[in-house]
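The same chain A turns up in both complexes below, where it pairs with chain B and then with chain C.
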Partner chain A sequence: MKHKNKVFTFICIIFLLITVLLALMIGSYQMTPNEVLQTFLGNGSKLQNFTIFQIRLPRTVLAIIVATALGISGSVLQGITRNPLAEPGMIGINAGAALGVVLWISSGTSAYYSALPISTVIFLPLIAMVGSLVSVTFIYFFAYKKGISPVRFILTGVGVNAGISAIISFYQLNMSKGDYNQVLTWTNGSLWGSNWNYILLTAPIIFGLAILILIRSRVLDVLSLGDELATGLGVQVQKEILFFLITASFLAAIATSVAGNIAFIGLLGPKLAEKVLGGNYRTRLPFAAGISAIILVLADTVSRNLFAPIEIPVGIIVSILGVPYFIYLMIKEK
Partner chain B sequence: MKVKLKIITVAGVLLLFVGMFASIHIGAKNISAEEIYHAFFQYEDTLNDQLVRNIRLPRMLCGVLTGGMLALTGTMMQGVLRNPIAEPSIMGVTQGATLAVAISSVTFIVGGTYGNFLMSLLGAFISGGLILAFTMCRASNQSVSRILLAGTAMSTFFLSLASVVALLGNRSQELAFWVAGGLRQAGWIQVGILSGVGGIFSIAAIFLSKKINLISLGDEVAIGLGVSPKKVKIHTILYLIPICAVCVATAGNIGFIGLFVPHIIRKWIGNDYRNLMPLSFLYGSVILVFADIAARTISAPYELPVGLFTACIGVPVFLLLVRKEKS
Partner chain C sequence: MGIEIKNLQAAYEDRVVIPCANLTIPEEKITMMIGQNGCGKSTLLKSIARIIPIKKGEIFLDGISTKSISSKMLAKKLAVLPQSPIVPEGITVKNLVGFGRFPYQKALSGLTKEDYEIIEWAMNKTGVYELRERKVEELSGGQRQRVWISLALAQRTEILLLDEPTTYLDMAHQLEILELLQKLNEEEKTTIVVVIHELNHASKFADYVVGMKQGEILFKGAPKDVICEENLRELYEIEAVLMKNETKGYPVCVDYSLLR
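Then we have the complex of A and B:
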């Protein structure tokens, strides 16, 4: 078992490195692997330095961070709800963030163009975060009835998700074309306009929360056995569920705040990790994050280049990949 | 019980007539009852007459028909799936039609309003067939949450593809109008197809209500009483798909009517599908006609998406239902 884990860790890292290299090479300005390497060693031309360090690298790093957050969040949600199909993008968490941004943009601001002072760059993610936390709070209180039942939580989330979509589509109709396209990148998820500030902002919180969850991953194992067993083993079920719900929502909220609503990544990564590894959450969670990162970096490269110079929101690519798999799961699992 | 049923029916019919009249009467230009009468029976080519005959009347009829049919499909789905939260827009049928519309409006395979109408009909047929066949075959044994998640996944999938197409053709915002739903495009052609295709299948479906009654009690009960659940389910699917398709092709994505209308009626008259289905149709019509009036007038001269109003009632009902659901 230990041996198998090592092999998979190795494979995962290799794959991640390959996808990152591809993401750095491919674009409207093509680079060879050697050029990328030379640029990292400090021998790049001005153009190459700019392309790598200011555009492609921050974007790729952000993709990894966002995927980590969503992958772990998805894993946790699937664990506590004992529903293999639970996913932050579908139960209203990400939609809340998108709604926040939509409200902000349609209230007539112009603070969303790229070259902006740091304060405004931070402001939009902050609004998204507030939006998703509000929606999680709402879902939580509405699903609360003598304790929180995971199934009720999911169903309420799906309902809230549908309601929020209706509100968003109302605002979208009244927008100018530029605003509309900007909103589209939020509702569908996109890594457009990533910069180092976003990374500085999100990375510490996301890795902090991820480590917190990893430390308590044993509880997650116990919870997935069922409420009765978990109570029998001395776990305070309600308290622990609350803890994991909050951390998972936070992770999804922060990811959404910089990348918009990327659906299905929180489903694909954890599911594949479970398939390959099985076993307990302590080993599974890092793999869920890693596999999600591979998928997202790859999907982002595709979304940038498939129809260049038009960029498709990466969330769309992920859901085109994710849905067939999702349906396969539906059919297979009784 | 009988009296209650009659009262509800009469009240519904009255409300519907008030709504139908108001829908023709109210608008950018209010048209008096006399003038409406004039337009109906002594048609001349005046502006008012044209307005009534070619714009308000078909729109009102489309509202009546789509509202009723959406509520009817919701009722049938809930009965056959034994699942309180089934509904065409939640299950992703409407989003499939959206994809077809996006493709047609970008590629100009078939242009214009009628082209869109045809394409969405085609899209709804294909996606409706896929989804219903897929969920219905398995869904009656599956949990509510799973069906819902499947529906949400399908909608996300279709909408994603639609937005790719729209983005490439630089038409994303036009697509948003379709996603939001509404009766903007209603004309006599739509009325014709709705009442023709939709009408036939709706009536056929209502004849099925007795069997749906049995199915809703459980597969075992139905078999015990000599009804094959599989057969009834397949019939229901076959009737559902064309009804859904014409509704979506006319009105785009109008959510939640098929969800909350049957539930409210069920509260009043109980679970007998022989009464439940026609009454759902009636009250679905009432709701959509009034919602459409609201959508047209509240922020005139702009039109709000009708789906916003139905969602306003639908989401709270949905959440209450979920709260009641035993986990």
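Then we have the complex of A and C:
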């Protein structure tokens, strides 16, 4: 079992490195693996340095950070709700963050991400967090009935998600065409506006939350035995569920604040990690993050280049990847 | 470790299931709770395990109120096996039993050598050691029930609470579970409390029987003292025909019909 984990860790790292390399090589300015390596060693031309360090590397790093957040958030939500379909994008958490950000961007400024003033940049993750927390609070209170039941939580989340999406659409109808397109790209999930500012802002919070969840991951294992048995084993079920709900929402919120509403990634990564690895959450969570990162970096590379120079939102590519997988799950799990 | 229930009121939200119960569950004995569906016997068990919060009154373990005990501490004093626990997908027997060590583990540390010894002991005790590498979902109902009991044993508690552990099992496997509980009681001096539907099982295996109806405790005592036609008439609203087991003297219900 330990041996199996090592093999998978190795495979996962190799895959991630390959996808990262591809992401750095491919684009409107093509680079060879050697050129990428030379640029990293400090031998790149001005153009190469700019391409790697200012455009492609921050974008790839951001993709990894966002995927980590969504992968772990999805894992946790699926765990506490005991529902394989629970995902931050589906139960209103991302939508709440999206609504906050959409309102914020379009009320203050019409500039693109990288041109936003620094104050807006700093506020963006905060706004997203507030937005998602508001929606989680809504879901929590609507679903609350002598404690939180997983099924009620999900159903309420789906409802809240539909409501918020409607509000976003309504808002979009009142926008100018330029703003509309920008918001549309954003709500479908895009790493378009990546720069080092966002990374410095989001990475510490996301990795901090991930570690916090990892430390308590054994509680997730015990919760999977059912509320009553978990109580009997000394878990304060309602308190722990609240802890995991809040941390998972924060993760999703921060990811949404810099990458928009990327659906499906929080479903694919965790589910694949579970299928391939099984086992406890302490081993599963890092893999959920890793596999999500591979998928997102790859999907982003595709979305940038498929119809270059027009970029399609990465969320759409992930969804296109997700649909066949979903159907496969349906066929397999009768 | 004995359990003392004083003026307990238990309720689901506003629906009071047990208005006021007083009961002392004897130490190192097997106590079985019987009664009709919805009479509050499971609720009483869950109140002891703190699965549902106590509305009024108190429950004492060795004179200490459960209100003043932390969750993990309580899990070291009493283990509970709910009626339908969930089997996580793909989990092996030994990993499932290993969860019994949860109350003793610190946040980041893994299982210690002592933990592994206890897990092995718990699996041996219930006869599932040979199944340790098998997936729990592939086991039969009886085997699975023994795995759950192993998990509870791995908690190393003096009290074991079980909510209908024999439901859905065939007759032989029901007896197997009950004999296992009897063995645990004799060898480990565990105080065992079982919610059970089968009257004859209670009569045969319990040292102490508690009959409940509509949240009230109707009778309590040794089976030969309390399992009689009159009490059963009141408890189940049935007319029972009882006989005495010739060697051990416990009553056996050989026939019954609804009250006319």
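In this section, the second predicted complex is superposed on the first by the 320 of 334 C-alpha atoms of A that agree within 3 Å, B and C clash if a C-alpha of one lies under 4 Å from a C-alpha of the other, contacts with A are read in each partner's own complex, and residues count from 1 in each chain.
Quick note on the criterion: a residue touches a chain if its C-beta (ideal position, glycine included) is under 8 Å from a C-beta of that chain, and two chains touch if they have at least 3 such contacts.
A quick note: this is a predicted structure, and the numbers were derived from the prediction, not measured.
Chain B and chain C, once both complexes are superposed via chain A, fit side by side. Judged by the touch definition given at the top, the superposed model places A:I316 against chain B, while chain C stays out of reach. When both complexes are overlaid on chain A, the residue A:A263 reaches chain B alone and has no touch with chain C.
Look at A:Q38: by the touch rule set out above, it reaches neither chain B nor chain C. In the superposition on chain A, contact of A:Q48 is made with neither chain B nor chain C.
Chain A is touched at more residues by one of its partners, and among chain B and chain C that partner is B.
When both complexes are overlaid on chain A, the residue A:T9 reaches neither chain B nor chain C.
Nowhere in the superposition do the C-alpha atoms of chain B and chain C come closer than 14 Å. Looking at the complex, you find that chain B touches chain A at residues 85, 90, 134, 138, 141, 143-146, 148-150, 152-154, 156-157, 160-161, 163-164, 167-168, 172-173, 176-177, 179-180, 255-256, 302, 304-305, 307-308, 311, 314-315, 318-319, 322-323, 325, 327. Only residues 82, 146, 215-216, 218, 221-222, 224-229, 231-236, 274, 278-280 of chain A touch chain C when the two sit together in their complex. The part of chain C that touches chain A in the complex is made up of residues 12-13, 46, 49-51, 70-76, 78-82, 84-86, 88-91, 95, 99-100, 102-103, 105, 107-108, 152, 155, 161. Taken in their complex, chain A has these residues touching chain B: 83, 85-87, 89-90, 142-143, 145, 149-152, 154-156, 158-163, 166-167, 169-170, 172-175, 177, 180-181, 184, 188, 263-264, 307, 310, 312-313, 315-316, 319-320, 322-323, 326-327, 330-331, 334.
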